[in-house]
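Following this line, the structures themselves.
Two complexes come next, and they have one chain in common, subunit A, joined by subunit B in the first and subunit C in the second.
Let's turn to the complex of A and B:
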């Protein structure tokens, strides 16, 4: 069986690296570097995060994309041929929503990739819920899932929804 | 009286009030990656604009004036009483109003910078209705044919000869007006069958919930 690839995308600080780390059964490969501009944290992903999951003999690659806009050429490269995409956005940072919408619009207009949106930090109120974020992004509510990226049982929800939407 | 100089010392915004009281042609040249622009003024109106000797329609003229307003590289020279060339796209724009419009559009674009769509996001027309805003209407008329099949800001900017961020701005505004939407490629491709998806779902539930089904409760 050929490995399948799930791409995890979203603005800087949306929880992509945490999400991959939480779900991966192998030690993740990350490409963190000191941020060269003020983005609200010291380290950031500059190429990709990579983790794996083996499900019933099927190998699943988890690829996290860099969130900074100047790495947007990586979004396309990583999304090509993917089983699906999880776009994460931090529910307690509405100022990041325009960037998330920009990224989602761009990727969906270019690639026919199945997707879901994950709204992180649901365990840290006050936070936008998935229904409100779906309204903002103009997405059907079933395409938007709330989660806490540090908790495996919660982090797996977007993956489950992604697969359910393929049934 | 001679009016000449460099845009890094005097912006077009500073020049326009001077030009509103005299007739003639303003030549702007040595611009960064842009051909020579000639603007004809009469009776306090911008009558006509030429780029590399070719007349610009109102949409392109508006973009070029906005571009010139923010340019800091380029030379200018005003030729008083220069005879007006035949003008196929008569603009007749009052300079005071032009100045206010361009400055407010520049401010708005600066404000919207992070919200403008990605240059390569493809938009498609979803409603056939002329926008009320004249600037949007000009863009709409020229872009409609392309937006029928789907086009990005990058493509439209190239075809219309306008700066990329202007095309991004117009698409952003048209989207706000409910006239265009990004193309959604959703469900056009399915890379695996439902049975594989079901198998993976079962396996994920087994792994993370010990097989319990109520993961989403």
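Let's turn to the complex of A and C:
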């Protein structure tokens, strides 16, 4: 089976780097830099995160993007040749949902591929659940999955759903 | 002098030392412009931070030690990104045929001044 390139995107702080770090079975490539603006964390991704894993015999290449709009040229570069996409959004930050929707629309306009929206921080209530976020984003409920990006068993869910949708 | 004024001063001196530069952008390592003379500073700042971040990672992975600069050379000129300490990035663009050796000599010196000021 051909390796599957999956882009992991979403707003700043949605858990993209954590997601790749949690799931990768090989040494990750990350590009963290000190954040100079208040974004709720010290470091931020400026180029990409990269990791690989094998899922049901399928080799997946994960490419995480930076979250900030100013790095949208990296969104273009990393989505090239992608066969699937996971868009992460923090379930406890509904103020990020409009940005997540714009980002999803933008990425799909560049590369129309199967995608799953992952709603992170499900382990930290109060948090919006996947059904509520699906309604908000106007997405079919099967395209939206809840997860905790720090837990491998939970973080793998959007990828399993993506594989299901791609069959 | 405020920090911003000091940085502006360093930018002016760099331009005087290297009049052939097309533009100079000083940015934070997360890609926000700090001082510059570019009409396209937000985009250039973000790209400079990406080039530096990726360059740092490549330098580390291939055991080149800590990154000093990343060079992009097109047939119309150069775009060179220098690390300015832990927090900053200095990006300069120069036309084809510019004296890259001289640019390195001056820009590395200015990058370390920026690093102390940022």
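Here, the second predicted complex is superposed on the first by the 158 of 167 C-alpha atoms of A that agree within 3 Å, B and C clash if a C-alpha of one lies under 4 Å from a C-alpha of the other, contacts with A are read in each partner's own complex, and residues count from 1 in each chain.
Following the convention adopted for this analysis, a residue touches a chain if its C-beta (ideal position, glycine included) is under 8 Å from a C-beta of that chain, and two chains touch if they have at least 3 such contacts.
Note that the structure is predicted; figures quoted are calculated from it, not measured.
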Practice problem: Give one of first, second, both or neither to describe whether A:59 is in contact with subunit B, with subunit C, with both, or with none. | Solution: neither
Practice problem: Name the contact category of A:99: first (subunit B only), second (subunit C only), both, or neither. | Solution: first
- prompt: With the two structures laid over each other on chain A, which partner does A:135 touch: subunit B (first), subunit C (second), both, or neither?
  reply: neither
Just to be sure I read the superposition right, which of the two partners does A:74 touch: subunit B = first, subunit C = second, or both, or neither? second
Per residue count on subunit A, the busier partner among subunit B and subunit C is B
In their shared complex, subunit C is touched by residues of subunit A numbered 29-37, 44-48, 66, 68, 70-71, 73-74
So, in the complex, the side of subunit A touching subunit B is made of residues 4, 53, 55-56, 58, 60, 72, 81-83, 98-99, 102-103, 105-106, 108-115, 138, 152-153, 156-157, 159-160, 163-164, 166-167
Note: in the complex, subunit B contacts subunit A through residues 114-118, 120-123, 150, 152, 181-192, 194, 196-205, 207-209, 215-216
So, in the complex, the side of subunit C touching subunit A is made of residues 28-32, 42-43, 45-47, 49-50, 52-54, 56-57, 61, 86-87
